[in-house]
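Common to both upcoming complexes is subunit A, partnered first by subunit B, then by subunit C.
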Partner chain A sequence: MTEPTLVWDDVRITYAGGNVAVDGVSLEVERGGTVGLAGESGCGKSTLAMSVLRLLPRSARIEGRIVLQGEEVAGMTWGRLRAVRWTEAAIVFQGAMHSLNPVRQVRHQVAEALALHSTKEFPDSAARLRRVDELLALVDLTPAKGRAYPHELSGGQRQRVMIAMALACDPELIIADEPTTALDVVVQAQVLDVLNGLVRDRELTLVMISHDLAVLAAVCDRIVVMQDGRIVEQGKAQQILAAPTHEHTKELAAAFPIIGDPSSRLVVGRDPGSLSDHSSLSVSTSSTGGVVLEVRDLTVDFRSRGQHVRAVDHVDLSCGAGEIVALVGQSGSGKTTLARTILGLQKPTSGQVLHEGKPLPHRRAALKAYRRQVQYVLQDPTASLNPKHTVYEAVAEGIRIHGLDDERERVIRALTRAELTPPERFFAAIPQELSGGQRQRVVIAGALALDPTYLVADEPVASLDASVRGEILALLLQLRRDLGLGALVITHDLGLAWNIADRVVVMHRGQIVENGPVEQVLLDPQHDYTKSLLAVVPSKLGLR
Partner chain B sequence: MTTSGQAAIRARRRARFTEVVREIASHPSALIGAGLLLLIVVLALLAPVLMPMDRLDVTKITAHGNESPSGGHWLGTDPSGRDVLGLLLWGSRASLLVGFSATAIAMVIGTVFGMAAGHFTGLTRAVVLRIIDFFLVVPSLVLAIVLSTVLSRGLSTIVIAIGVTSWAQTARVVRAQTLTIETRPYIERSRALGAGDRHIIGKHVLPAVMPLVMANTTLTVGSAIILESTLAFLGLGDPTTFSWGSMLKTALDTGAATAGYWWFVLAPGVAIVIVVLCFTLVGRALEAVLNPTLRSR
Partner chain C sequence: MTVIETVPADSEDTRGSSLPRYLALKAGGALISLALVVVLGFFMFRIIPGDPAINMTRGRQVSPGEVERLRQEMGLDQPLLVQFWRFVRDLFTGDLGTSYVYRRPVTELIGDYIGPTLLLTGTAAIISVVLGLWLGQKAAWRRGSWFDKIHTGVALVFWSVPTFWLGLLLLLVFGGGLGWFPTGGMSTAASTDTGIAHVLDVAHHLVLPVVTMVAVIYAQYLMVMRASVLEEMSADYLTTARAKGLREDLVRTRHAVPNALLPTVTLIFLTLGLLIAGTVTVETVFSWPGLGYLTYKGLSAPDFPLVQGTFVVFSAAVIVMNFIADLLYRVLDPRLKSS
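Let's turn to the complex of A and B:
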């Protein structure tokens, strides 16, 4: 039996203030093994992974033993630790944009690790740059891409540069911290493919962190589920995905539904029993309403560096009252531009947006009245709330802008509808004190305060934890049931469309390529692009 | 706005305020600076009590000119026999007054122009930016000299001259902050809620740039005091009021430094250094407290 690459032995990590991030975790990663750490934000999975290279803040206190390649991490000197970082174990960080220096070409940044750790093998910069080209080829990037600056690369390309960087010194162990979280499904599949290939060809040991079980299953043999700093379940990837035993694992698995599974259709949240009767009722009543929003032959062009980019290309779309429409596409497909144009935040180059049959007004006062009717929920609730404003101010903002009376009553009603109860308890809170899900509820409450007839939600759950995702989607369904409120939900997640939408609109390179009822589009896709999107859904990747 | 919501918000603001005060108090240099400043302001206000004006009246004084420091005159006397300590006390009033009010003018202009240059686009932005650039590149001392010769003589002219010439840096800083704030999604949300320019600037941009403006204020006060001294030293101030700058000018005119009357040169010079240093200390601490990314540096 060979010695395991990485061992955590009863590790306990405490932050200043007595906050226990990791609570007695014992785990072994055998040589060439692939282990996925799953769990929600705050469960300690990142802390556990960073502890391997002693990358935790000074305030963290580590108890227990961490053994890397037979050597105890706590006993390493600074010089030894520096050598171990990158040459034996390397990390792929979460936000590729933030981990790259924006003012240097990426190949020089990859070469940096070589210059620091492998001066013997690659003595001069020409040799190092040759090696960089090899590394980039490993992750399917051409040498020309190496001469690009980070902002010139797409998210997936940047993430692949990060992986190339991690591979620079031929490490035994790679720790990937949410490597695909900010990427859309197609790019995610590409990055996972690259990781898979590397693990297979170079016999790397991989520890991958993610909140998405399906993503982990696509790469890892073994999955470890953590909650509150403890391991609650571990086992073979397929077994965890197919037959989870622990409650928390079930929750995580349920958040990423299998398309085509009728039990997750129009049912989300923790209490499916009570919801399903109502929502199935509402489906039959919802489609009877008239058309609220209509887009006719809409085109939006951007000019960047002298080039015309067509973000939205002759799009026709209509949304009925009380109808939930999912607008699906990759990032860069023009989804958000379409949404912003519908809201009058972006001027169309040609074509029209109609609200209840009337074209969108250009005058400020009229546009303001229109914006009372159609509300916007943004992707990242943390960023879309002013950090200095209390919940009360955030919800009352629209009411004040429109000079409505009964401010307090309206705020209470909006918060109650967004299920922040009792509303008075949240008045004085600032966004920082709330959880991600509560923040998104505040944003939704701010929209509801104006009694809108339609919601436009741009990736409303993309930045939220798995279990919270279910809650927010359940809220959207419930608002539709109670208030007849329709929504245009923009997403890259086909599972979400399966969860809540009545109709799916697939957008590709500014054009709508497929449009129809959810069951029809997702179960019997006609267009090639829809088929390719469905092929890369993580839940299918894992089964491949 | 109703009572409970308002009360909650007020309580939060109060809590935030005490937090800021506690943070500042944890910077010893800021405490020293603030303490000294308070002392200087109190002394300036008490000048008429501590040193009645008639003791500085050339027709009534008995001391000789250029007496060195002694028990009677702690800081000696000037060429016409006036007590230097008295001049210093009275001079602090003009210096501080000019420093504060010129800074107030500069901050208001700078904030308004900075926010306008950051918020608006197209022609408005181009025009505002060119105006800022103009004031940025014209040497402020030269401009202040021109302004104070063109306008009538007096303290208010000095205030205006300094105020109008020292806002451009603030405007640039405010514009930069405005630009970063404007890209935040909460501005987009606000727009989608129907907000106009006034709402966005008033509710989101102004509160966000205020900490920067506050920190900039303390730093500008220092340079305004120096500029006032410079103008007075060049003989452009109001000859009827004492200020630290005009003391230095008298010292130059009478050759005090070359004649070895060090007390008459050093006293106003050191006073200027101390006040400017105090404002800088407080300003740096305030910047560190209000801008958390500077903490621990």
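Let's turn to the complex of A and C:
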């Protein structure tokens, strides 16, 4: 039997302050094997991966053995370690973020690895740059893209540069750390395709990290699920996806619902005894008579680099009271611009936005009153909350701006509705002290404090962990039931639309290409674009 | 699989304009600032107490008629607005008036005195920038070490010291007491040295004023560079560089420092302008025959045309440096260049 490429043997990693990130993990990755590490943020999966090349901060203490190609990592000298880095194991970092140096052309960053490790094969910089062109070709990028700076590339292109970089020195093992997070579904499918092809053609050993089981299943044979630094479940990818046994795996799987599966449709009050909830829900949806928001023949143009870009192109849309509408599309499809225009944050080039039949006011005071009615929930709660403001201040700010009385009462009510109970306990907390889910609840509470009639939510759960995702979506449904509050939810995630929406609106290149009840649009798509979006949904990818 | 072409991400945030437009905008702004400074300078100096005509004739027997004639000669008998009008009109022809004290055209005086100032500030600026940036990045990289603590501590102490006080102290100890360095001027009086000997003589005179200036200003470069490198130190691309197998010092010099320099370069140019204007104290303490010294002389008269002239030069230096800082930032950061 050949020696496994990578072995973690009872590894325990502790950060300064006694925070145990990895707690007794044993795992073997055989030569040519593809293993997916799944889990939520903070479960220790990235720490485990970084430990292979000793890339953890100095404060981290590692116990147990990590063996790479038969050699124990802890025993390597710095020189040996530097030689091993990238030649035996390379890491594909999350390239969509900041893993590339912003002020150097990407080809030089790829060539840098060659200059360090492969000076024999590629003695001068011209030879190295020729090799870089070949590497870029492997990931379907033209040589011209190599001359670009990272900001000039799209997220998917940057990710492919990261993959090309990892391949530069022909490593045995590739570790891919969330390689498709923050990419939109279509680009994600392209990147996964590239990875899949490379693993197959070059017989690479791959360890891939993701919070998304379906993404892992699309590339890996075996999936290992981690929680709180321990392995809680492992097995064949299909088996984990289709029949998870551990509670946590089920939670992770639920975050990526199978479209068409009625059990993935979230309903308020899941316990069987609350039948009345179901009936009240159906009553409230059927009683939605009035149209709250209406968009008529709306067009928004931008001028960028001397040319006009039409972000929103003659769009008509209406949202009823208490109705949850999902606006789906890729990034760049104009969905965020549409939302901003609806909120009066962006001036339309032509067309109208109507609120309860009246056109959107232009005067400052009237616009302020309108904004109280229609509230905005942004994607990343960490970025949208002022880190220096306490929860109380964050929620009370809107109340103060609108000069409402009973500030404290309103804050308490809003926090309670957002299920931050008891509210007093959260008053003095600053965002840093809250979990991601709690932060998003604070943002929602800030919106609720003004008793709005409608919410516009831009990717409300995209930056949240799987288990929290369900809670926030349930909260939106519950607010609809209790307050009759409708929402326009902007998302790239068709699964989310299936989870909660009544109606789905598909946007492509600034135009609405399909609009109808969720079952109709997602189960029987008419437009080619909707069909292609459905084809790249991760849960489908995993089942190919 | 189905491939849908990817549309570039929302282009809402491309507020950048083309380079010529940007240049025109910034140059226009600079010109307006300069014009405002000229107006402000003119009226500001009129508030200085003292009558130039009386001060200039102090210690001499003069009749009131003579003082009056002197006033007329200097144009001080005219209403303020007329004086201002003349000043602006002459300014456009490149004439800054005639100095009351030196009885020579101000432009000519400035031409004579600007060389030493540029020599002094140029030397001090280069030394303090190099020293500050090098120490700053080193201190950041070894944050919390003795190197870091000692260098930030020392720099901050010098930063807090008044320039004239430090200058006088150095003058007393190394000039007067130990006699290692000359106590003033730019070259030994009555020396007829030329060539290398002259250069060495000037360099000898240059040491104390330059040390004074460097000591007081290098701290800001150190602190900004340190903060800037610290900001970059947790950046993901440094992990990428380490994972590639780069040595720590290469990670620092190739990846961290170039990124940290971006905000720092702007600051350097912003402060260079101020540096030239800040020579007044150093030059006065060391009787360095530069613009600062000239300004000091002009202020004690008060010699209106002279101080107005040097004020315009100082302000222009600050404004021009700001302008260069704006341009440089755009050139250095590829993210700004392309938008």
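Everything below uses one rule, namely that the second predicted complex is superposed on the first by the 522 of 544 C-alpha atoms of A that agree within 3 Å, B and C clash if a C-alpha of one lies under 4 Å from a C-alpha of the other, contacts with A are read in each partner's own complex, and residues count from 1 in each chain.
Convention: a contact is a pair of C-beta atoms (placed from the backbone, for glycine too) under 8 Å apart; a residue touches a chain by one contact, two chains touch by 3 or more.
All values reported here derive from a predicted model rather than from experimental measurement.
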item	value
Subunit C versus subunit B on the shared subunit A, clash or fit after superposition	clash
Touched partner set for A:149, first subunit B, second subunit C, both or neither	second
Chain touching more of subunit A, residue-wise (subunit B, subunit C)	C
Contacts of A:476 with subunit B and subunit C, given as first, second, both or neither	neither
Which of subunit B and subunit C A:55 touches, first, second, both or neither	second
Which of subunit B and subunit C A:332 touches, first, second, both or neither	second
First, second, both or neither for A:85, with subunit B first and subunit C second	second
First (subunit B), second (subunit C), both or neither touched by A:529	second
First, second, both or neither for A:371, with subunit B first and subunit C second	first
Candidates 130-138, 166-174 or 184-192 of subunit B: the single one with C-alpha clashes against subunit C	130-138
Subunit C-contacting residues of subunit A that also contact subunit B	none
Residues on subunit C engaged by subunit A in the complex (per definition of touch)	1-4, 6-12, 14, 18, 235-237, 239-247, 254-255, 258-259, 262, 332-335, 338-339
Subunit B residues touching subunit A - in the complex, by the definition given at the top	1-2, 4-5, 8-9, 11-12, 184-186, 188-196, 199, 203-204, 207-208
Interfacial residue positions of subunit A with respect to subunit B in the complex	343, 345, 364, 367-369, 371-372, 375-376, 378-380, 383-386, 388, 390, 392-393, 396-398, 400-402, 407-408, 411, 424, 427-428, 430, 443, 446-447, 450
Residues of subunit A that touch subunit C when the two form their complex	53, 55, 82-87, 90-91, 93-94, 97-104, 109, 112-113, 116-117, 149, 151-152, 154-156, 162, 165, 186-187, 189-190, 193, 302, 304-306, 309, 311, 330-334, 336-337, 346, 509, 529, 531-532, 535-536
